[in-house]
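First comes the structure, then the notes that go with it.
Going in written order, the chains are labelled A, B, C, D, E and F, and every chain counts its residues from 1.
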Amino acid sequence: MNKSVVCPGTFDPVTYGHLDVIKRVAALYDRVHVAVARSEEKCPLFSADERAAMMAVEVAGYDNVEVEVFDGLVVDYALSKSARIVVRGLRMISDFEYEFQMALTNRKLNSDIETVFMMPNEAYSYLSSKLIKEVARLGADVSKFVSKNVEVRLKEKLGTCRE
Amino acid sequence: MNKSVVCPGTFDPVTYGHLDVIKRVAALYDRVHVAVARSEEKCPLFSADERAAMMAVEVAGYDNVEVEVFDGLVVDYALSKSARIVVRGLRMISDFEYEFQMALTNRKLNSDIETVFMMPNEAYSYLSSKLIKEVARLGADVSKFVSKNVEVRLKEKLGTCRE
Amino acid sequence: MNKSVVCPGTFDPVTYGHLDVIKRVAALYDRVHVAVARSEEKCPLFSADERAAMMAVEVAGYDNVEVEVFDGLVVDYALSKSARIVVRGLRMISDFEYEFQMALTNRKLNSDIETVFMMPNEAYSYLSSKLIKEVARLGADVSKFVSKNVEVRLKEKLGTCRE
Amino acid sequence: MNKSVVCPGTFDPVTYGHLDVIKRVAALYDRVHVAVARSEEKCPLFSADERAAMMAVEVAGYDNVEVEVFDGLVVDYALSKSARIVVRGLRMISDFEYEFQMALTNRKLNSDIETVFMMPNEAYSYLSSKLIKEVARLGADVSKFVSKNVEVRLKEKLGTCRE
Amino acid sequence: MNKSVVCPGTFDPVTYGHLDVIKRVAALYDRVHVAVARSEEKCPLFSADERAAMMAVEVAGYDNVEVEVFDGLVVDYALSKSARIVVRGLRMISDFEYEFQMALTNRKLNSDIETVFMMPNEAYSYLSSKLIKEVARLGADVSKFVSKNVEVRLKEKLGTCRE
Amino acid sequence: MNKSVVCPGTFDPVTYGHLDVIKRVAALYDRVHVAVARSEEKCPLFSADERAAMMAVEVAGYDNVEVEVFDGLVVDYALSKSARIVVRGLRMISDFEYEFQMALTNRKLNSDIETVFMMPNEAYSYLSSKLIKEVARLGADVSKFVSKNVEVRLKEKLGTCRE
């Protein structure tokens, strides 16, 4: 039985909440494909390559985790990796509706791929990339929400944007 | 007692979920006015006329269903049709907050008009026009979500957009 | 087209919120069957006959509203009244899950019967028979929540219970 | 890496919704332990042995699925089976709060065990053992909700109760 | 302006989540009345006096916090303490509906009393007295959820119950 | 103990719902700082100064209420006013997720500042600035939702926009 899983997301930027889920996934499955969605229609702050590079730094210590940019449907990407499981983090504070719609739509697109949901540590239940960017723009110290490396990149990017 | 009802929506494009609700409404009430909101502020993919035309094809078989583009307030449109009931589909996965706010706001705007909610078949509970456009853009086969006619129009439109 | 509707409930006791919905229904449909569920498994405070009698007092002014105790399935009761519509009040604060499960289960039991949801006035959104009994037991004045007649019956009943 | 999972529940009685999730789990993991909780404090309609027997009939065709009654904590049971994953079905209509509380509490009780959530087919999103028993008591035909075998047992049990 | 507040609850038993909220309240207001509801209709595990005694041990270090058993309406109790504010903890995982209904009902019973909601630390968002009793009954170590003193009392009580 | 509180918001424009909460806050605390967030990234209809001016008109009768535009983090603004409490209105129909995320994020940014939630009158539970602008654009009479002064300003602004 294939035990590869895909963890898709925009990761703009990766937070401690994302990393907590990926760490749990890495402990449960043989191979983890972190799939950074290009998502240009969302006008991300960081380019897909920048987001993948930040993620790669964070998961460097995990032998069974790979990071890659992908475009197109998650179910097609999973298929290309021979993965039958897509893992999504489900926070207490979260967009159930969107998650459920996406999971059911993906199932309709390819019934061989299942979405499973995992909960991050409750300490990260309030974290969202959107909110972190919002408060970082207002000058907040975001070191409790993202790694040092991401914090630095975030400051550079927001500094560049302002000028 | 007047038994005309209004089914308002953006229908960008009409999905099997919308049609399931309209079919149920047509079986319960004498006359159904499907009201396609112009909604230009939402930047719809299809023009109001295109959306109404697609809807008209789908409901062609129902004698008591009419399709029309409208602009302005739903309560004013209902009044102009001597309809006292506005029907909205309420999916298990749905935007209750927005639906309830809109229903209560409409009641304040005209207390003679009531909003009633009906559930589509649970098989369509995950369908949203937004998600369908999203996956169609990524190349997905959307034939399980929309009719053949809509599927063709969607491909034409998204093809046009890309070039 | 048959325009009878059924408004089922336990009504233990009837509140201003229930009455607000029934009043709206009476204005929209030809005939309204208020169906008081026996619900003995819920150990109601008032007997089914007492609940129906209290309801009958409240709706006495509406020519097209009838009150009756029923036992068994709502869909069977609706069928016996040639009604194809079951109306349920849906408060902003409410048990969507139960309402949706019941509506979908009823549809499976008889696909000819549709459940439609209507919102009470937002001023009654917080009212629940359960909470009213709870605070009445603690000695609260419940005249803002139920009619004078119900208030008196509630005091009698709770007085009886205590002694 | 151990690929055994535990599917705990009361299953009073097992529904098509439960079976849909178990079938999906059986396709994704090497070994599935369906753990029937004794749950005497919930006053189940069927005894734990009856519930396990009904479940065993349903999953007889799956080589990698075992059914067993358990008492005590799910995390201890999982440990005894060398399983690190507990799978719970998460319906669109469901008790998120309870599920999340239980999952987080279990994590605190044993951080080596993870709960993962999977969605049943949307066609079963409205099914609950509680509602099925409720309508069966009122005489409904429940053949759309449970298997023939469970239906027969349910009638026997409810018949016995009434006499 | 009076700055006394009331923190009502059943506290059966008091958890780290309750204490986290009470500690925050004690830091913001001059005087805190922790009001232990008798709630006999809920069949609590501990008597009101036992619950108040356990609470008193926990808040012994706070000069501005008092613990008392109360019966009747929260708004009447608040009035008797010249407190205009009732504070309720609102967890991410929580019974909004009940909280909102109760708050609005209390406002109707006495419009001078306001309910304000505060969030406990997210680390306690999953804690509920009900779940703690449930897992304690199954033999779980609950030292992460309640204080040492409460843990001992819980074991005594559950031991007594079993024999 | 400092009894100043901050009521932050975009107030684009101020509604009867906002004013209901501010009135309640003014009755409970010594000093209320209504903080109008600049929020340029939200592309508000009115400028921050216009929004503050409209608010100032509305709260002119309250001696202990001040209105000011602010930029940056709410926790920093609160600190600058020696306020330890941030008050947010929490409607039955509302964005809990966003409110909870923001409250928890603010707590991480400055643990000395607490967010407390208060409910507006249920009669205003459906009001949102967004919906009011939406229906005003469509020509609705919004006099039930906002004050006369705001209504006039809204018409001027929307008139200007159209031309």
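One rule holds in what follows: a contact is a pair of C-beta atoms (placed from the backbone, for glycine too) under 8 Å apart; a residue touches a chain by one contact, two chains touch by 3 or more.
From a predicted model like this one, the values you see are computed outputs, not experimental measurements.
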Neighbouring chains shared between chain A and chain B, ordered by label: D, F
Chain E reached from chain C - shortest hop count over touching chains: 1
Degree value of the rotation bringing chain C onto chain F, based on Cα positions, nearest 5: 180
Remotest chain, chain E as reference, centres from CA atoms: B
Pair sharing more residue contacts (C-beta pairs) when B-F is set against E-F: E-F
CA centroid of chain B to CA centroid of chain C, Å: 31
Whole-Å gap between the CA centroids of chain A and chain E: 38
Multi-partner residues of chain B (at least 2 other chains): 92-93, 96, 100, 104, 122, 125-126
Every chain pair in contact, whichever chains are involved: A-B, A-D, A-E, A-F, B-C, B-D, B-F, C-D, C-E, C-F, D-E, E-F
Of chain B, residues touching chain C in the complex: 1, 3, 24, 27-30, 84-85, 87, 90, 92, 96, 100, 103-104, 107, 114-119, 122
Chain C to chain D touching residues, read off their complex: 41, 71-73, 96-97, 100-102, 104-105, 108-109
Chain A to chain E touching residues, read off their complex: 92-93, 122-123, 125-126
Residues of chain A defined as touching chain F within the complex: 93-95, 125-128, 131, 135, 137-141, 144-145
